[in-house]
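Structures incoming, each one as structure tokens.
Both of the next two complexes hold chain A, though its partner changes from chain B to chain C.
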Partner chain A sequence: MFIQETILNSQLGWILLACLGVFWVALGMYWGRKAKNMEGFMLAGRNVGLALGTATAMATWITSNTTMLAPQFAFELGIWGMLAYSTASFGLFLFAPLARRIRQLMPSGFTSGDFVRLRYGKPTWIIFLLISIFYSLTWLISMGMAGGILMNALAGIPYQYGMSAILLVCVLYTLFGGLYAVIGTDYIQSLIILIGIVVVGYGVVSHVGVDEVYGHVSTEQPMLVNVLLPAAVMAFFNNMLFGIGEIFHSNVWWSRAFAMRQSVGQKAYFLSGFFWFPIPIAAGFIALAAGAIGINVTSPDMVGPLIAANILGKAGAVIVFIVFFCSLASSIDSLLAATSDLITEDVYRKMINPQADEQRTRKVAAGVVVGLGIFAWLVCLPRIGTLATVLFFAGPMVGSCIWPILTGLFWKRANATGAIFGMLSGSIIGLICYFTIGWYVASLIGAAVSMSVVVIVSLLSKDQFDWKQLDESQTVKASG
Partner chain B sequence: MFFGIRKYIFVFLCLFFSAASVSAQSAGSLSFPKPRFDLPLEQASSSGHIKLIWAPETELPQSGFDYQLQKSSAADFNQNTIIYTGDDLATYMSGLADGTYYFRLRHVEEKTTAPASPWSDTLILNVEHHSLTMALWLFVLGFFVFGAIVIVLLKGIKDVKA
Partner chain C sequence: MVLYFSQNFVHVIIVGALIATAIAATALIVMFIRDAKNNEIW
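Take a look at the complex of A and B:
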């Protein structure tokens, strides 16, 4: 690669990785004992309380993207970049009332796919599944890449080995414990991440003052403090809508809405957004300090961990390593679990084998978790692009899902035609903009086009959807 | 006649030592071949950032020298800034304003930073940011879409409660 000194030596890095891996897999096996049936494995018994609910939502949304991409945003797009990234918390805020509505309408629901199938019918459901699974895979791949980049940047562990290790650990404890393990580990990970961010942030501010950082940036990187930097101005709402689209459509969040107790979901999501909001700002500030500290950045997605480890020395590098491991694991496990649920429930049980019993379904779910891990590993190996380019490729597609979901939950006149054409037109036009203008406008364009189509088609329609059709309590429960 | 010979000897000695000095300098700077950028020498950016990569000199010793990267707004490097000295093989620059930037690279002695090679070929970067008008229109569009989401959500909650 491009040579950049590591702070931890490889041996210590491997020891940390092994200890964390064994600990997390052990936790997965411990909590996995609670998963007696499919509802336990997929939805943690639908009994998650406020503390765990808040922690899991916050930890899942603090991904390696938060700790590595948010600094990249700040490093490339400046002050606006930091703020743009923090607007992803709006997805959590806005999903709060949706979580409540979802539980009201679908007390026995399992996945976001269930909602789309019942609300809009099969054709829309298939398009939605394609978008959702594609998005989940790109997110999973970006996490895998981040794991390899992180291990390499901090401890010199070769990219391929670090990436493989993090994927293997997450696959194992998700396999053993299902959503119980995912949520339980999220709680611990969220505490570690919060403490770590505070320690690192304090360390950076103590080492180099805000004035010094501002002085250096305004002289050497003047556009980063320019509120009219065009790319950043474009990225602001693009990032917000990308975050809203991710959360509104992804089964990662729907599965938690189904898993939380009915009175808990709205409060948990709101609180998680509140706790999440300042974290990208802290991570972004760290990146802006690079020049003032005198660190040479060779790759923008490494700027955050590099600076944090450089400032705090070896002990701090250990803390940083653990924090980043937690941020990765908390997201990869959620993705594996939620995507496995979606594929198992919507593709296998609804399309391929509706008569499958619980034992068979559990085996398929486990197989899907392993299959996802292997697929992600194969795609991550060549390390294509930076984190931003990989993840934001899915932006127009998820942006196009906002309005079908939103109107589907609250507007009786929303219909399948609007949903299908909204998703298709938003995705296609958004992708065109992705390639012709840049990744920082694609989600916005996708959402705007989808909104226009959904609203116009719905206004022209005379449909009046019966909300009771969404309650499948008589037929959905996984047989056993 | 004697003074004429001394004059010629004096001139000869001046020329000799000048040539020796130049030769010594070029012999020092030619002790390493000039480095080269590992990307096309004409670059463009619409967002003010670029990754500069340079090729490693695999036939040289792995230690004892560093790379030195210089930036200027003028093609002749009349006014310039050293933006990096070290053994990394890349640097990522961001936050550059509209304009043309010139970069060149050379080897320097690790401890003294004395020049140890000629300068590389010059890399030219043209930064032309996206249209601010387009950016502001997209910002307004984003605000409108976000606002519509909030309105529909609030109305939906109100209808459900009713």
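Take a look at the complex of A and C:
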């Protein structure tokens, strides 16, 4: 039986970390030269094409939580666990028509907060910002933690050092290049991730074989191939709604919808959903091989890297290290950029200093990127809980945002009362279920409660929203 | 009665997922080349 030991020595780990860090920061500086103004820095000039648009949507959604949690899901919940994780791609598919509608209704919009403010007014906007910023921070922290765990699992780099290094690299290139750097690096990172997953998956299939894995699992842990494993079936729907809620509300996805050319957004999100769907299965199934190989897994969130590195040896461990670094970086940079936009645009420019000029705003945006990095670093320092615990805590809150966003974009009768009570009731009841039943039902219940409230209140209302109010360039002209 | 996923089903979804991931990587490269030819990258 193997014991858990690092496959790369820490010296090689540090060398890889330094090379990758310098490479991404240099690319960030190179692309950052294109960001001549605030629109360039925040939205990459609103002219992103199909290839980069598809890649950035996909790469951002391939987080450490895909490459590390998908194996954990498979390890704990079996076949349903992998399929459950794949349903997170439905959020990308379903966001495709929304991306088109967002670009059409808000040609000069900057953030998801802009939409909620213009559509529902200030009280709803503030609740939405609290949920959205809280979720972004939770996600950022879960990935900072994942960075530390990964470096430690693969190369024996102490958790605190690995976590600090990856956060520093991402802060630097996001700071220099804004969304240009984020989207450009996302394209390269997505290719590395996809190729790496295929290489590792092929290695496992050729080394152990699917039939041998199945034979071992069905004998030793038959519940992992049980069609009716109740917790896993709940996780299937929970994860789907969590994914939809996250994508619908988060500025990470809205900023990309604003950044892509009008004709590109819908197509790019649709394709990214297709490309993303198989990834949790391709990355997750290797965890099922743990028993057949004889690996003793003491920490479930390390199962993926450990098995891949054990099977593929040193060269494989290098591939795994690079893939995991890319999957972390592609999401951390997006979160830093999108959350910085939300805080700069919605909090600073709209609430604190509406008269701020472009130069001042750019400085504030840069300060917010650095501040977010420092905040995430401080929270990540003590390693708290597992990745799932941290991430899914925010699930009911994002689940409760699905319907206020969806109805707000397409239904004139949707109104602020429904949105506020939908978000609050969904979040509160979902969180109660999170603590009393389990994480695997929290988003599901949060979304269901929010849907009921939003739909009932909208049906009872006689409001007829004027869509033109969402185009701020026109409303500003009219009022000026 | 307990119902289990069949060996064939598991085989198909795992190998299928690996092939689909390889296709996704190829498609991204092809799309990039097309965008570059049409000057539509950014």
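Note that the second predicted complex is superposed on the first by the 470 of 480 C-alpha atoms of A that agree within 3 Å, B and C clash if a C-alpha of one lies under 4 Å from a C-alpha of the other, contacts with A are read in each partner's own complex, and residues count from 1 in each chain.
Operating definition for what follows: a residue touches a chain if its C-beta (ideal position, glycine included) is under 8 Å from a C-beta of that chain, and two chains touch if they have at least 3 such contacts.
As the structure is a prediction and not an experimental result, all values here were calculated from the model.
J.: May I ask you to decide whether A:Val227 touches chain B, chain C, both, or neither, giving the answer as first, second, both or neither?
T.: A:Val227 sits against chain C, while chain B stays out of touch.
J.: A:Asn47 contacts which: chain B (first), chain C (second), both, neither?
T.: second
J.: What is the contact status of A:Met451 with respect to chain B (first) and chain C (second): first, second, both, or neither?
T.: Once the two structures are laid over each other on A, A:Met451 reaches chain B alone.
J.: For A:Arg101, select first, second, both or neither according to whether it touches chain B, chain C, the two together, or no partner.
T.: After superposing on A, A:Arg101 lies in contact with chain B but is clear of chain C.
J.: Just checking: does A:Leu406 make contact with chain B only, chain C only, both, or neither of them? Give me first, second, both or neither.
T.: The first partner, chain B, only.
J.: In the overlay, answer first, second, both or neither for which of chain B and chain C A:Glu76 touches.
T.: Touch partner of A:Glu76: chain B, not chain C.
J.: Looking at the overlay, does A:Leu194 come into contact with chain B only (first), chain C only (second), both, or neither?
T.: second
J.: For A:Phe275, select first, second, both or neither according to whether it touches chain B, chain C, the two together, or no partner.
T.: Second partner only.
J.: For chain A, what residues appear in both contact lists, the one with chain B and the one with chain C?
T.: Correct list for chain A: 222, 225, 228.
J.: Can you list the residues on chain C that touch chain A in the complex?
T.: 2-5, 7, 10-11, 13-18, 20-22, 24-25, 27-29, 31-32, 34-35, 40-42
J.: Could you pull out which chain B residues touch chain A in their complex?
T.: 46-49, 51, 53, 83-84, 86-97, 129-132, 134-136, 138-139, 141-146, 148-150, 152-153, 155-157, 159-160
J.: Spell out the residues on chain A that touch chain C in their complex, using ranges where they run on.
T.: 34, 44-45, 47-52, 54-55, 58, 79, 82-83, 180, 187, 190-191, 194-195, 197-198, 201-202, 205, 210-211, 214-215, 218, 222, 225-228, 261, 271, 274-275, 277-279, 281-282, 285
J.: Where on chain A is chain B touching in the complex?
T.: Touch list, chain A to chain B: 1-4, 75-78, 90, 94, 97-98, 101, 104, 217, 220-225, 228-231, 233-234, 236-238, 240-241, 244, 296-300, 303, 402-403, 406-407, 409-411, 437-438, 441, 444, 447-448, 451.
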